[in-house]
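There are two complexes below, and they share subunit A, which is joined by subunit B in the first and by subunit C in the second.
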Partner chain A sequence: MSAAAPQVTELVTQLLEVVAALAAAPLFLGWVNQCRAWLSNRRAPSIWLPYRNIRKLFAKDAVLAENASPLFRLAPYLVFSTMVVAAGIIPSMGTHLPLVVAADAIALVGLFATARVFLSLAAMDVGTAFGTLGARREMMVGFLAEPALLMVIFVASMISSTTALPAISEHLVTQSLGLYPSLAFTAVAFTLVLLAENARIPVDNPATHLELTMIHEAMLLEYSARHLALMEWASALRLFNYACIGFALFVPWGVATGAIGPLGLALSIPVLGLKLGVAGAGLATIETVSAKLRVMRAPEFLATAFLFAVLGLLVHVLLKA
Partner chain B sequence: MTHLPWDLQLLNTCAALLLLLSFAMLSQRRIVTLVDLLAIQGGLLAVATLLLAWRTGQPHLYLSALLTVALKVAFLPWLLHRLIHRLEVYWDTEPLLNISGTLLAGVVIVVFAFGLAQPITQLANTTMRSAIGIAIAVVLLAFLMMITRRKAMSQVIGFLSMENGLFFGAMSATYGMPMVIELGVALDVLVAVLVLGVFFFQIREQFDSLDLHHLESLKESE
Partner chain C sequence: MAIFVSSPLSACIALLAGWVLLGACGLLRPRSIRFAGRALFTVGALIGAALGALSAWSLWTGVTEQIVLPFGLPDLPFHLRLDTLASGFLLLLGTTSAGISLYSAGYFRQGEGAAPGLLCLQYHLFLASMGFVLIADDAYSFMVAWESMAISSYFLVTTQHRLEEIRRAGFLYLLIAHVGAISILLAFGVMQGGSWQFTFEAMRSAHLSPAWAAIAFLLALAGFGAKAGLVPLHIWLPEAHPAAPSPVSALMSGVMLKTAVYGIIRVTFDLLGAPVWWWGLVPLAAGLATAFYGAVFAAVQTDMKRLLAYSSIENMGLVFTGLGLAIVFFGTGMHLAAALALAATLYHSLNHAFMKSLLFLGTGSVLHATGERNLGRLGGLIHRMPWVAWLSLVGALAIAGLPPLNGFVSEWLLLQSFLFADQIPHAFVSMLIPMGAALVALAAALAGYVMVKFFGVIFLGQPRESALSRAHDCGRLERLGLTWLALGCVALGLAPVQVLAALNRVTATLTGASLAHQTAHWWLLAPVPTREVSYGPLVFLTASALVVALTVTIVRLVYHRRVRHGPAWDCGFGRLTARMQDTAEGFGQPIRNLFQSFFRIERELPTPFDRAPRYRIAITDRIWRSLYEPLGGIVQRLADAAAVLQQGRIAAYLLYSFVTLVVLLALALVL
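== the complex of A and B ==
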């Protein structure tokens, strides 16, 4: 085998990961929606519905508000591209990725924050009441969820003494099986952050356009056509990315580690599919059994997430477990 | 990460869950749920004692595990549930510090407790010496709960949770106290709860409420 061969596979893994994220994110969203419908005894919409929605939106003519600034038109592209870059950093299939040197897990949190800032600015840009309301709520949720997410990443970083997500994942795969209360606590914290950051049910309802309760949807009200398509695709990508971060930290088995060959890569794809299927069903179950919180109770929800993450950190420091 | 035998891993998990339960109690407003959490805490304590007894082969630890189950999982929660139904206090009023604030204060307390435990940990030579910090944290968190709650009922639950923490601390520092002392403490707790149960009725008769801030004023005319 020539010396260049591993680099080629790494490049292929990288490309495959990004393409898979782009292609599978709407499918994952469709799967979650389908599970939710089944669990509430409704007839499920097609799993391909998100794709059809995006295609439909791309075919339409965009309508812009008269007083919209260039920022408003730029924001969908920025938000979408940050999500694509994030998908490149997260080790969903292999841990040897060329893009990894560019950004570690902390920079990844920063990427999510950048997307959030532009989304909120664009929502406030047109000046409607709903956009501003949604943006304010999003920032409130965001500034509470971010420290919790960072804490989760710090626990995993302390365990594997690195902040690069693929290295963390690789370290966790190779260590022996055992009970790790610190990781269990952080997994709970991460699930709570995932629900809050992706506008899922206890914090926000993705299926509603009821004015008083919505957060994420309120920010997208002014968007139409291709801009809206990109925004919706970006939010599907965000959910997909969060799920993959969760896999990398808490169920890293099945990811191709070390010097990967084509076989390891081929094996990691069905494993990822299986993980996503289970995670989607689990997410739908959580959303079905929990009731939406009042907006003012969201800080308490996120304080719980932060507390779990900090407890994980403290338990790790004290018990080395 | 070091590779621990599975029973030590389970003991560590018990310790971590005890800490988690203390926080759950801090954040809980319903008194009925508080009593349930206390019973779970007792159960975890009994499991930890059993594991330690199995690991060290000390017979008195089996006895104290049995005592824990009988007293802290079965009898005291039953007694407290009965008191709650007879007194009809199901909810605590808004605590002195709001819930999020209490939880943050709790995190600071845990860090303090871990620092406090470090010299003790170095002196102890038991296999679970690293759990001493958690035991101290559980005691201090129970203190915090007693300070921030208003209803007499929650304060008694805080008191019992504190005793659980002390018990766990003794277990992780020296494999439990001598049997005589353990029996004495158990009897003490039992009598304390029985006497406090009578007290509750007296307090309510005097003030028509179990809110303890009524006891703070010296004169009735105020």
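== the complex of A and C ==
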């Protein structure tokens, strides 16, 4: 009995994490949008707007371009499911997750890369000027952001000598509260990657459809109805996932570690909510105070992120901290 | 069957001889495509599959067997030996070549360069000589096999020898192959260590001073590096691969490059025995530079086969990175980490054999269907050639290193072994090597960029030329070959535990540390016992598939499945032409801007007054200009200086002989 009991809680944690991510991702997006509106002195849209949007899109008839291939219809499901699986690997509430043995942090980066590749391929599928332009720009952002993210994780892995994300969190939590200078550098790098990968302001603007600047939206132009809903939901999930990776690496406190009981789990939920609230406000602040970069400048922004991550690695191997 | 069990080596020799014989059969009816092309190549594929099965079995049993064949020069018989390392690479040769031969059986056509019978001979000689390279056990037979491999592949590259640029590409290939071969020969000369015995057995027991051992290692690295395409010896790859017919490109890139990996592993871990840790820094640095260089160049190519050639350079860079890491670890006594890095090296070699062959064969089908190699004239082929497109997608995703396919597994292993680097007991080195992981990550991410470009521009979007609407899918045999290789990619990706258990037989004998042990689960890859790291692609795939299935069902149940078809929206612009899509140049533009200093760019921009504006851009390798052209000039000047001796008068030549004789006599007197 005693051996089976924790397994049940682990499974429950796992399911709860995925469901919570699915449910809370649009809310988090709505919260960020609300904060942005407040900060720029506008009247804020309802925090539930992303949900209404997704519901509306699901109810509509899908329109497909005549020359769209099966890849185009498959991509939204694949992108969505990679984000859902990713949510199952990231320890947002508890660190004992059954799925984690199958996929560590490197696999997580691989998952994000898979989503990006399918998104770009789908954007090229119809063969419009905007689609290919978006795909090219997305890959341009991705090929620098991906190694930067990998290096961020690498530093944390070196500190805790494992690449499993929950184990890293657990190691950092149980460690006596020490300062890691290397993690400070990687935190900066991670923030830059988060902004770039989620099409936030210095790199891309989620609010516009201006062809000279857009990246993410350009890829979704040919999608409609349920496919678009899945894509939108997936990008909300991506933002949520990135935020949770950030918590796992840099502010892991409050996550239920060890053999978790229902109480630990119940405690971790408000903590996560608090972290998300602060992170969303912070993200909105960054977006409000910074100006959109020209697209050609985006690689420099990401190269900075990559260099910060490598600097963090160097600091770690120099100071062993 | 009995010979398989009693002596796998003789069975292996019989299979390789079967390839030679099969090639010779091609000359019986050299003009018949049905006999020499279809029938013989299919038999060749069966021999390949048999070789794959045999070497898998001998790898599993861990057989070591030696045979001396009474061929060759007097006193220099051929020594052959089958051990786990050779079996591992024979497995690669057999399984990959089975797919490529099957494809070739459907691929070669009448009237394309050399006669099919001749092609059949060269092709199977090429295969057999690669096999003999792997089982050679003395320097003499190794060099014979190595040179037959170079020469037979040279003839295959110059199949369409009537085109000047193909002759030029072939010559460049032959030249670099021979520069490499000389270097390898010199390495063997050093390794015999004064015993003047050129068997590998003698080399194993020879005691070299540290300086000579290092020289031997560096010579071997240069020699095998030339075959593998390490920068700056990579220059032949982007020329020879587009020139050769696609199955030959696949064979060269997929299998022949791996013989170089085999060679350097054989020399370092077996013949020299105890590598010093700092040796590893050379292949590590060269590998990282090569990986990055190859990836950056691949991103800006406009010819699909040239793009794949640069991608091969990148992958060989990753392989040599792993090898360098293994040597560093082994030399510092970290045997488990060395085994892990070496396993990553071998795994990536095996993966690359499958995925790159698959992609090269895919380009072959595209080339046959459209007659185009230029990415700027392709597009939208997923509608016309679904088989080739979907199977190529598997290869493209695998090479981009995406889970759960095979490219990801070897990159995962490589990154895991980088995590051990901070334990190296040498300051600075332990700090610098982890930086290499950043370069590996960057190269891997660039590979994703390259593959999106490759697949997206060829198969997706709208056809850029009207002639593409006549493109047809590939034939049945070609499909079989492609499917075989794609299944290989999937299997290598989904069964990493089993593959690593097999590779462990090789790495355990070479490094003395075993990776696959007490792995309780057949589905969970956990190579390092001391660390909590694991990867289970099957679980991962099941979870993803489950989510996809659930999403599809829920969306359909709760909502509806109504779909309307209409013209592409394109922001309501409405007058969409195929020329508005990104070209290959356009897609590579961010990389070109970012890494400008790497390339030599010649650009022709149209002026506002041009009636027919033309934009042309040519990107060339700086190394060609800064290294090879000056070298060529020096050789030319030396040759001109030597030509002064050449008088053309018989009296002068007689005088030379007389003077030489006198000098020799004088020397004999003095000494």
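The criterion applied here is as follows: the second predicted complex is superposed on the first by the 320 of 321 C-alpha atoms of A that agree within 3 Å, B and C clash if a C-alpha of one lies under 4 Å from a C-alpha of the other, contacts with A are read in each partner's own complex, and residues count from 1 in each chain.
Going forward, contacts are C-beta pairs under 8 Å (C-beta built on N, C-alpha and C of every residue); 3 or more make two chains touch, one makes a residue touch a chain.
Bear in mind that the values here come from a model prediction, so they are computed numbers and not experimental data.
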{"item": "Partner chain(s) touched by A:Pro299 [first = subunit B, second = subunit C, both, neither]", "value": "both"}
{"item": "Which superposed partner A:Thr288 touches (first subunit B, second subunit C, both, neither)", "value": "neither"}
{"item": "Superposition-derived comparison: subunit B or subunit C, residues of subunit A touched", "value": "C"}
{"item": "Partner chain(s) touched by A:Val317 [first = subunit B, second = subunit C, both, neither]", "value": "both"}
{"item": "Touched partner set for A:Gly88, first subunit B, second subunit C, both or neither", "value": "second"}
{"item": "Subunit B versus subunit C as contact partner of A:Met139, first or second or both or neither", "value": "second"}
{"item": "Touched partner set for A:Ile159, first subunit B, second subunit C, both or neither", "value": "first"}
{"item": "Subunit B versus subunit C as contact partner of A:Ile106, first or second or both or neither", "value": "second"}
{"item": "Touched partner set for A:Asn67, first subunit B, second subunit C, both or neither", "value": "second"}
{"item": "Touching partner for A:Met151 - first (subunit B), second (subunit C), both, neither", "value": "second"}
{"item": "Common interface residues of subunit A - those touching subunit B in one complex and subunit C in the other", "value": "299, 310, 314, 317-318, 320"}
{"item": "Complex interface listing, subunit A residues touching subunit C", "value": "58-59, 61-67, 69, 71, 77-78, 80-82, 84-85, 88, 99, 101-104, 106-107, 110-111, 113-114, 116-117, 120-121, 124-130, 132-133, 135-137, 139-140, 142-144, 146-147, 150-151, 154, 157-158, 161-164, 167, 209, 211, 221-222, 226, 230, 296, 299, 306, 309-310, 313-314, 316-318, 320"}
{"item": "Residues of subunit A that touch subunit B when the two form their complex", "value": "159, 175-176, 178-182, 185, 299-300, 303-304, 307, 310-311, 314-315, 317-321"}
{"item": "Contact set on subunit C toward subunit A in their complex", "value": "379-380, 382-383, 393, 397, 400-403, 408, 412, 415-416, 418-419, 422, 430-431, 434-435, 437-438, 441-442, 444-446, 448-449, 451-453, 455-457, 460-462, 524, 531-540, 543-544, 547-548, 551-552, 555, 558-560, 562-571, 576, 578, 580-582, 586-587, 589-591, 593-594"}
{"item": "Complex contact set, residues of subunit B against subunit A", "value": "1-4, 6, 9-10, 12-13, 15-17, 19-20, 23, 27, 99-100, 103-104, 106-107, 110-111, 114, 117, 130-131, 133-134"}
